[in-house]
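First up is the structure itself, then whatever we jot down about it.
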């Protein structure tokens, strides 16, 4: 029974082009929608330059949260794109793990608005880190499935991926989880860590997370 | 006259690539927009961790509704994708039945917000089921049109599709309609059923809705 | 000078694939965003089934406006798609007339919300018709440019397009303009006409707007 | 060390198709979302034609801001599209500079809403110009990187791009920066200049910004 199910799960020869199109759609919308949470406060008609300047200052945390989360979406897009480039066969399992990952990624607007509105609240900063850790775990599941399921990517490519990373592949989830705990001591420290993690993933070679040579 | 109209309806050799692109666009936006309905309540600046935690709890039904409807959109995307992969010729009729289906699917944000806001209301849970049944019916119309119109898919593929399903193809619509009726006895039971239906469609082989072997 | 400008305007051999991708993106987002204007009224926690039912009735005009405008976007998508399929060369002029058309089309959410909120207001129904007429005019400009600029589509295809329509191509704009005037006598009559125009464009062969035979 | 990093940054042979798909997604959503900021004021049920007309007048600045920013997005889309058409190899550096550019471009909804709400406020008009200048700078960085990194575009194409422009490539950023300063003397003059800059970029050949001949 379990064997038959696993067969159905790993069967199928579906369209990689449409999987990428749907994923690219979700990535680009998830990133672009973030701007809707930078809502300028409703000012009276008579608000002068000082009032407007105060309004702009009040949305600065939202703008910083936008930059952070837009970068996170781009990071996942780059990684997802490099991973799927190697895929030779799209199975039902891949589609559904991809769907789970995209469901969590598209949720990013919610914790982004939360830290934008309540930047100094431990709970808000902690929820952001927990959602990031969940996204990281879902990506890890997708990544592992692709690496371990026979016939999904060529064995040589799987080998290259395994040897290309210096840190275990789920370290992102661990880093975010740790920062979410730190948020209870200092929300600002946690948010600074979230920025640092993003920068580390943009420049993985600089920080020794990945080997610098090769076609990555 | 009717004959001439049917001729025009089934004529045309339109672009499958753009039909898929437009559909993928609607699918990915319909799924991603759902996050906009998880609106954190506006809290006073002085709201402490307890206030924030209460706020998070209050949006939990919205978050669950998001998970449910995102899964529904993914399920239709997977099925739509497998169906269109077989299509050889895009007729006007296919375009318009596809348009009707997408119009109802894109509407999903409305009943999702409704059950998120009013999870214990029979009418809300019932409206969700009715909209799901309508989406199911529209998909059924598209599916039947594709299977029955000569020249749209190869006969062998149509045969395989017909024999691959163990349940009649419109059973989704029936299941949702039945759950919508149950909502009047217990809204929570109906919502649990909606989750169960989604899980059944994600693992159709496990539940005997589809045969496990074959390229599906 | 004018000659040199016309040369620059009609020059270029740009990518048709990305023009279609950008257009399909705008089409699918313009259609899907319409659902955001069906906003259920904020009800008190204690609102019973009767309160919810009244709330649902109050958004019925918005839902009907959604159906109408989603259909309009689909109609333009089908026509745009058939027109661009014939294009062999994407010039700067085509890109900018396409951009003008998409700018007006993406604006559709505004008059849709207007008639959804104020269905019995002459000005609202009239604004809807005027925006539709403007979209129709912009599409007419794009269509004429493509038909008349040498080298954009093959001469045979241009000839087929010219002879395929029984009504002048800008009749859509005229019909919407006329209905916008009728709105001042009866807003409901104008909205009924908008639905009738949409149906006429979905079944052009049935109504003698286009010849039934041929590859359309 | 720096050398190794630069190697990693300029390495990679990633998919141009998905880079274009993600970019086209952000471009089309950034443009289409702008319509959400044209929010008709909530009128009482009893508001007559005069009330509705006053409401429409009050959103006229928002509608003009929509036209301006939609045109800006289209201009960048046309340029981005022409630039990426020439790219032969997508490096990590290109992806991240593209991501930075898209992050700033997708932000356009915020200053657009600002000038739509406060058209006569120096600070609002100035912020619009500053954001436009930042988008221009980010595009300039992407453009320079593509022109200067060996192997990204063929040398002949890079040469043609360099000689095709009559003005330095970052003049857009300078023009916007200058207009942002003028906003402090007259916000309306600055907004008129923003429209003029957009028109100049739509018709670059007419204004001597680019040579009229050639495949551009």
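Read from first to last, the chains carry the letters A, B, C and D; within each, the first residue is number 1.
One rule holds for everything that comes next: a residue touches a chain if its C-beta (ideal position, glycine included) is under 8 Å from a C-beta of that chain, and two chains touch if they have at least 3 such contacts.
This one's a predicted model, so the numbers in the text were calculated from it and none came from an experiment.
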| item | value |
| --- | --- |
| Fraction-based call for chain C against chain B, same above half, different below | different |
| Fitted rotation between chain C and its twin chain D in degrees, CA, nearest 5 | 90 |
| CA centroid of chain A to CA centroid of chain B, Å | 25 |
| Length of the line joining the C-alpha centres of chain A and chain C, rounded to whole Å | 36 |
| Junction residues of chain C, two or more chains touched | 21, 24-25, 29, 33, 36 |
| Chain C to chain B touching residues, read off their complex | 20-21, 24-25, 27-29, 31-36, 38, 40, 43, 47, 49, 52-53, 56, 63, 66-67, 70-71, 74, 77-78, 81-82, 85, 202-203, 205-206, 210, 212-216 |
| Of chain D, residues touching chain A in the complex | 4-5, 7-9, 11-15, 18-19, 21-22, 24-26, 29-30, 33, 36, 92, 95-96, 99, 102-103, 106-110, 113-114, 117-118, 121-124, 127 |
